[in-house]
């Protein structure tokens, strides 16, 4: 899988298409930002919002799981084109370290691109920190292309 | 593990304690309801809200993941008493069927209760339907009891 | 999923067909026994052999993983008929308790039977013990039926 | 985690210590070879043996799972010293591509080294091929150090 290959949709095009489906999803507080996409991968920011804090000052696990699911979804759309009906069939996440009260950065890397199944590995870090906050693998069922 | 053993905290006590930490979490629209707890398990309702719908009329995977994480957490609190610092270390979920536009019911069953780790299995169904919408396993690190 | 529905292949037929592919797999020491199959499930015995012991007197994790993979495979063959090219795409296992130096019993239960993917949950116990030694979920890709 | 840090045990020392526990495990046909260890990782070879082939000419999933479990175990021993009682608590593996009839190479990378839990990510490839054959994550419980 050549990381450098040209994606079918750019980060900007994806933000525009996704914003139309999920209005407000890319807002600066508590929303997402698509930082970069390439064939087989994506780099996604989840902007910090005090509202996703939990007692003890940690960011909710739900926020991390949503990010772990979203980053490969963006990588699939960037690589295959607009196939919004790709659905997650399995997600397995390890929570490794308490996240800081900062933006989160997720990098998704597709480790399989089959005709029917795509599998990704996702690394999540607090912005500016090398340690992993969480690591996930996720599988997506790719809808068969429509016969025209 | 005797399912029928008396839990240390009742469903009502748990709703009260958790509501104090997470105000609004048990509201009737889009919130949770603790239907039943026993030693080693819980039955949780996630009330339907049109706001968690996604294009295509499905309930967001994030909603299912949050429920799969919350149900064992409640089972652990019910069984061990108020140990709010139990933290999820791993969650693995299979999405099996498109959920209906109805309340979701999750049943968590602890399959291991060690001194340091607890492991649960979770079945999620649409209210009134026998088929599984999702199935998860999750592991929690239990904090060591404080020495007094 | 009706557990009681008639399977397409019986335990005896499956042992005969599988033995032809994997000679010796059902021998009494260290081999498997198909105790029961039904539509959507199987009950498999892994006979104890001192050779699968590890230092500390435990049964090798590899033995448990192989059993967790084999039990759903048998359940799929019993339910769908002879589709030996069903392949495992994901297996996630939790090791819960040190197994006794005895036969192991695995029960597989299909929790999804799609056209392309089948998902199973597997419970493994030491013979005669109620506690779980291990619990797994596994996903299988089902080959498309041949067009005749 | 500095990959380049000095491990406590070298590849050679580990082969000697493990061979004493599991005689024959490093034989050239069908056995393992510890190619390299560093603080937080390992590179393990599983030598090809025609005996681990399955109908269709594929290497048994069991062989891949055993390798996915062994590589992080070696990385933990190399990094922490001789703690042979580290036990696997969870292993989740995705099978991505049919392995070639060649040696397999596994690279384990520790993504968490806590006091009680260690988590690893494992990439398995056919020797000389860039594509992943399988990818796994595994969690290990580290025994508390003995008080002297």
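As written, the chains take the letters A, B, C and D, and residue 1 is the first residue of each chain.
To be clear about the criterion, contacts are C-beta pairs under 8 Å (C-beta built on N, C-alpha and C of every residue); 3 or more make two chains touch, one makes a residue touch a chain.
Everything quoted here is computed from the prediction, not taken from an experiment.
Q: Would you mind checking the shortest number of contact hops between chain A and chain D?
A: 1
Q: Pick the pair with more C-beta contacts: B-C or C-D?
A: By the number of C-beta pairs in contact, the winner is C-D.
Q: Centroid of chain B to centroid of chain D, CA atoms only: how many Å?
A: So the centroids are 34 Å from each other.
Q: Measuring centre to centre with CA averages, how many angstrom lie between chain C and chain D?
A: Chain C and chain D have C-alpha centres separated by 24 Å.
Q: Please compute the C-alpha centroid of chain B, do the same for chain C, then give the distance between them in whole Å.
A: Distance between chain centres, rounded to whole Å: 29 Å.
Q: Could you check chain D for residues that touch two or more other chains and list them?
A: In chain D, 89-90, 92, 94, 139 touch at least two other chains.
Q: Please output the residues of chain D touching chain C within their complex, sorted ascending.
A: For chain D paired with chain C, touching residues are 21-22, 54-56, 61-62, 65-66, 69, 84-85, 87-95.
Q: Name, in rising order, each residue of chain B that touches chain C in their complex.
A: Contact set of chain B toward chain C: 1, 92, 94, 96-97, 111-112, 119, 121, 131-132, 135, 137, 139.
Q: If we count contacts the way the header does, which residues on chain A are in touch with chain C in the complex?
A: 89-90, 92, 116-117, 139, 141
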